[in-house]
Amino acid sequence: MCAKKVAGVLGATGSVGQRFILLLADHPDFELKVLGASPRSAGKRYVDAVNWKQTNLLPEFAKDILVTACNAEAFKDCDVVFSGLDADYAGPIEKEFVEAGLSVVSNAKNYRRQTDVPLVVPIVNPEHLELVGEKLAAAKQQGKDRPGFIVCISNCSTAGLVAPLKPLVEKFGPIDALTTTTLQAISGAGFSPGVPGMDILDNIVPYIGGEEDKMEWETKKILGAIAKDKRSIDLLSDDEIKVSAQCNRVPVTDGHTECISLRFKNRPAPSVDQVKQCLRDYVCDAAKLQCYSAPKQTIHVLEQNDRPQPRLDRDRDSGYGVSVGRVREDPVLDFKMVVLSHNTVIGAAGAGILIAEILLAKNYI
Amino acid sequence: MCAKKVAGVLGATGSVGQRFILLLADHPDFELKVLGASPRSAGKRYVDAVNWKQTNLLPEFAKDILVTACNAEAFKDCDVVFSGLDADYAGPIEKEFVEAGLSVVSNAKNYRRQTDVPLVVPIVNPEHLELVGEKLAAAKQQGKDRPGFIVCISNCSTAGLVAPLKPLVEKFGPIDALTTTTLQAISGAGFSPGVPGMDILDNIVPYIGGEEDKMEWETKKILGAIAKDKRSIDLLSDDEIKVSAQCNRVPVTDGHTECISLRFKNRPAPSVDQVKQCLRDYVCDAAKLQCYSAPKQTIHVLEQNDRPQPRLDRDRDSGYGVSVGRVREDPVLDFKMVVLSHNTVIGAAGAGILIAEILLAKNYI
Amino acid sequence: MCAKKVAGVLGATGSVGQRFILLLADHPDFELKVLGASPRSAGKRYVDAVNWKQTNLLPEFAKDILVTACNAEAFKDCDVVFSGLDADYAGPIEKEFVEAGLSVVSNAKNYRRQTDVPLVVPIVNPEHLELVGEKLAAAKQQGKDRPGFIVCISNCSTAGLVAPLKPLVEKFGPIDALTTTTLQAISGAGFSPGVPGMDILDNIVPYIGGEEDKMEWETKKILGAIAKDKRSIDLLSDDEIKVSAQCNRVPVTDGHTECISLRFKNRPAPSVDQVKQCLRDYVCDAAKLQCYSAPKQTIHVLEQNDRPQPRLDRDRDSGYGVSVGRVREDPVLDFKMVVLSHNTVIGAAGAGILIAEILLAKNYI
Amino acid sequence: MCAKKVAGVLGATGSVGQRFILLLADHPDFELKVLGASPRSAGKRYVDAVNWKQTNLLPEFAKDILVTACNAEAFKDCDVVFSGLDADYAGPIEKEFVEAGLSVVSNAKNYRRQTDVPLVVPIVNPEHLELVGEKLAAAKQQGKDRPGFIVCISNCSTAGLVAPLKPLVEKFGPIDALTTTTLQAISGAGFSPGVPGMDILDNIVPYIGGEEDKMEWETKKILGAIAKDKRSIDLLSDDEIKVSAQCNRVPVTDGHTECISLRFKNRPAPSVDQVKQCLRDYVCDAAKLQCYSAPKQTIHVLEQNDRPQPRLDRDRDSGYGVSVGRVREDPVLDFKMVVLSHNTVIGAAGAGILIAEILLAKNYI
């Protein structure tokens, strides 16, 4: 029985921070000890600083933790730091943490496009964490101090999109073209204020700022390969894969639904049954590593023609499993299907926890 | 000042029938005199037979009309009969009406696929009504009685899809490939019971029985040309246009949102600005004919990046105008855009009224 | 044909201000010429300053009006000024306007509790406007300049509550006890951000800050009598009427539903039929004065047992009519019933317009 | 380790039946062996007969159970039978089961008003189960076969109402008058079709057939005492307690919110703090008996002024705990407060399970 790793949370009073805290309560690998938030909250007991808005109660252990400011010194004993910071603040703070030798798993978008930073959906491309391993090994070899590093969690809607792509590409070769139209839950926009009620009752908002670009770009990084020098990721080029996203906000609390279509490069394309079997057979590396939060079934292939539905299917495997339904031929590309993922679990805080579990399994933290 | 044409409504107590009645109240061209419904309702005053579920009050004139059974004899004085019958009943009843020489405009799907029956979105392909004109002229020439005929209203989600296609095809030539992912309002499914509340609160249903096939097929008929003998429509073939639809039911009362993408056959494709200008410039024939319900602006091209939205934009031009927003280039096909149409107006009963106005303007009724 | 009165709107970019503008478009009595907003908006064309969020399009006439700052000088030619200012700003601005001799009809709460300021629900207590008449007459008699004045619009949920009370008290005498539990629409909280979507999807918030106190207090003023000196309103005392409110925010866009119970002081209490007849027979003074916006039927007494419903009934008489249903005996007090009123019409901007129409009919503006 | 009791479920394919099955999966006391449904389903595997609509997956153990018809013979080995039958069918079937010596816990309303049948909210009046104990003891004493019996689960909205009343009456004496206005979730109406989506999106329905009468009547039975002969319940009379309910259906999936007011008979009334402390201190008998499903905290007294909220608070103690907030003085009666209860747990199937656990703890099954 080895001791638990010490964890900290940046942006602890925000919606992502609250989810990190819930997921770290009673976690077998991590003990949450440090909570960082804005100067306004620093110095208060967490229960006094937070406007708790989760459906689960605020865990007892967290109530009396004194909130600290977001500086590296306060987190110096942390083996891993989970960042739920807003993008407005995450840039310099996370940089400071990395320079101080800390290991950061971040939900912010600030460093996602840096090619030497792994952008990881833990049920899809944990192999990109090898960049971290190489960095650590190189420092060790050179007799340097253990370096800090950052791993970025993908955008929530990207996570659902790439989940089924990984096994398909592994089995049937590269994808030539990919389209997705999303129906995204409002929890993805946070709470204060997040999506205004008047925008979303009896309504759809066919636009989420920056989201389509994120999905199109991140997909090319997540499906990309590690460069030869093992220091960066080689993105897929526009010639290698064409990706088109159309993003909508819908009146759903949790769970992103995506209607996707795709065409393989190789001819003949596989059959519908082959596609479904491939998805069903997929076991993600996190499951193979027996990580605590890894889904038992990575991809649930549903046969009822009106599934997946967010209210009924978002909590499969505690939100770490992705559901795929209605796999069928597409008159324009090869296949179309519906993908459902839990945006605050596999699409945000939950992904961070599972990434940390993988880092631990690989002895990177 | 000529007398108003006499109108009847079949399926008068249903949700489509109720909408026909609302739209015919105070209509300058039509006077609603006959209401037909199931044997259970026949003989009752309309106000006693109907479970009125509209946001407008039941018009006074309709309250005391005695509901009749749906037989041609009872409608024999009608210049036009609007059918809101369920598909389960519409087949033989509408057939009987046509054989009795009546002019039927039907929202039911039963005869949509018959190639000698015009399938009309009145702001898109009223020229298909020439089949009716030919039939009438031929009978006249042969000294026969004036024949009955049927015109079918398209499926609600098809109407929104084809609205922007018409002017684009006219200006830039044929479309090679077309995809649409719909976010459809629940009013499209009627009231009793329609979409159950438990299916649609905090939820999406990524399936509407038969809808995708309807959209793919009807598009090929509506964009098709009149055959040389002027007795039928030549559908576009799969080689001429590839259409792929993914249909979702969302928690919205009225207004279908569609995220569409398309590729033209001709190269080079037009620019985004050319596409938007083309849509803006489009004046539908019904407007040129100065039909009472014709939209002042057929297609509203919105420039705000978060529009159209169903709650805010569905009532433009009383629901007869279609809104298009976010016209932009598509990495996979040529363009993507968001289309919003009012499913119970231009997608159902309202389309029927406008079709009848066009029939009248052309002296077909 | 006399010229239209000149109108201005304070807080023109906010949600109440937007409603004022819509209601003043094509109004027969008023011509909207001045739009005031925050310094951030001042100097811009209205169409550039506003984030228009109404289901009706921004009226053409308003688009090019240059927004001004909220000072009395800019509004000096206005015969009436409608204020949609936030309470945070309304206090000193409205005071300045009154001191400058302007006639203000305000939706802000700041001066509602001043006993010399009429607090008016126009279909209920327009007689309280006599305070204005007295003030104007006194100044005239004294040879002074025409004084400015302010009339306050009631809180939105108060409007629905007192509407049925007025005729009942007139006919059956004072009410001893009154309870209301409200189910209030989110449009009452405005747009930016108003009620957050995460608070209201699949949820109820059983609290609206200050609302219960407002309802309990305002009812006592609105049902109160004009003092003998005609300079103030005598509130009903707690002994004269006990009022208890419980306020909830519910997932409805527009329309406040209230479940009310009441007990009369006089015994025996009237019958259910007498109560319903009394409500049906009520004709508000605004209707007698033939004001343009006055409801044709002030109170709609509905007999279907599942009505009124906000989506179906909120727009009766363009939102100026109030609907009452389920009038029945109450085992605890005398009667219970359900009241529905349109919160942004008779409960806010619409009430302001109708108040101004009454002021005009009485030659107070 | 004694063997588990054998359980059966009547109406197993319906929404209440599905909930029984979920709650019995992995239950330490009961083993579900028999599933009864309509003749249409009988003979099929459960997984083939049911349209599963729960957010939890259909438990593996239930999938292959062959559905039987609802006759006593098929359930003869059951120690307890949970009935989720519709009221249309429950009457004769449950009667047959009792006559066959079976122990039935029913969610149907058919026998609730029979004074010799306990009507039980398990966290409120399990002492009423003594009627069962007496019946069993009498039969034993007379050497007769063990008799069957029925225990009724209360109406869902009654459960939330009476939960806080029980400790208050015990401590502060009888209640003179009680009002409740409910905001009820749609899951209470089942699935097929339950509440139509068009009735509940952007809407409130201020009426639920029979519900107000049920709440008013059932409260008088549940708070009543066991008659001296221990064979029936003496209802409270209208003189002893006046109860008035106003019931509304709201757009919430699960969780009934109730705004209640009450007046005690005894003067002086307790203070707000005394009321809150009394509620906090309440430990229900089921908890004292250490029943598996008993809530750890029977009543959660919330201090945040905007709580309880259904989405955030309905799952406290797995839905067996009731939340009370906003306890405050009422200008008309003594106190007002907001009560939230989970309608499908403590208000329906969950109550049945906890009743059975109490029956077991008392050796009545």
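Residue numbering begins at 1 within each chain, and the chains themselves are lettered A, B, C and D in the order written.
Assume a residue touches a chain if its C-beta (ideal position, glycine included) is under 8 Å from a C-beta of that chain, and two chains touch if they have at least 3 such contacts.
Values in this document were obtained by computation on a predicted structure and should not be read as measured data.
Listed by label, the chains that touch chain A and also chain C are B, D. Chain centres computed from CA atoms place B at the largest separation from chain D. With centres set at the average Cα position, the gap from chain C to chain D is 43 Å. Centre-to-centre separation of chain A and chain D, using mean CA positions: 41 Å. For the pair chain B and chain D, the distance between C-alpha centroids works out to 49 Å.
Residue numbers of chain A whose C-beta contacts span two or more other chains: 53, 199, 201-202, 251-253, 311-312.
The touching residues of chain C, when paired with chain D in their complex, are 177-179, 181, 183, 199, 201-207, 216, 238, 242-244, 246, 248, 250-253, 257, 259, 261, 305-312, 325-326, 330-333, 336, 338. By the touch criterion given at the top, residues 53, 186-187, 189, 191-202, 251-253 of chain D touch chain B in their complex. Residues of chain B touching chain C in their complex: 53-57, 201-202, 253, 311-312, 315-316.
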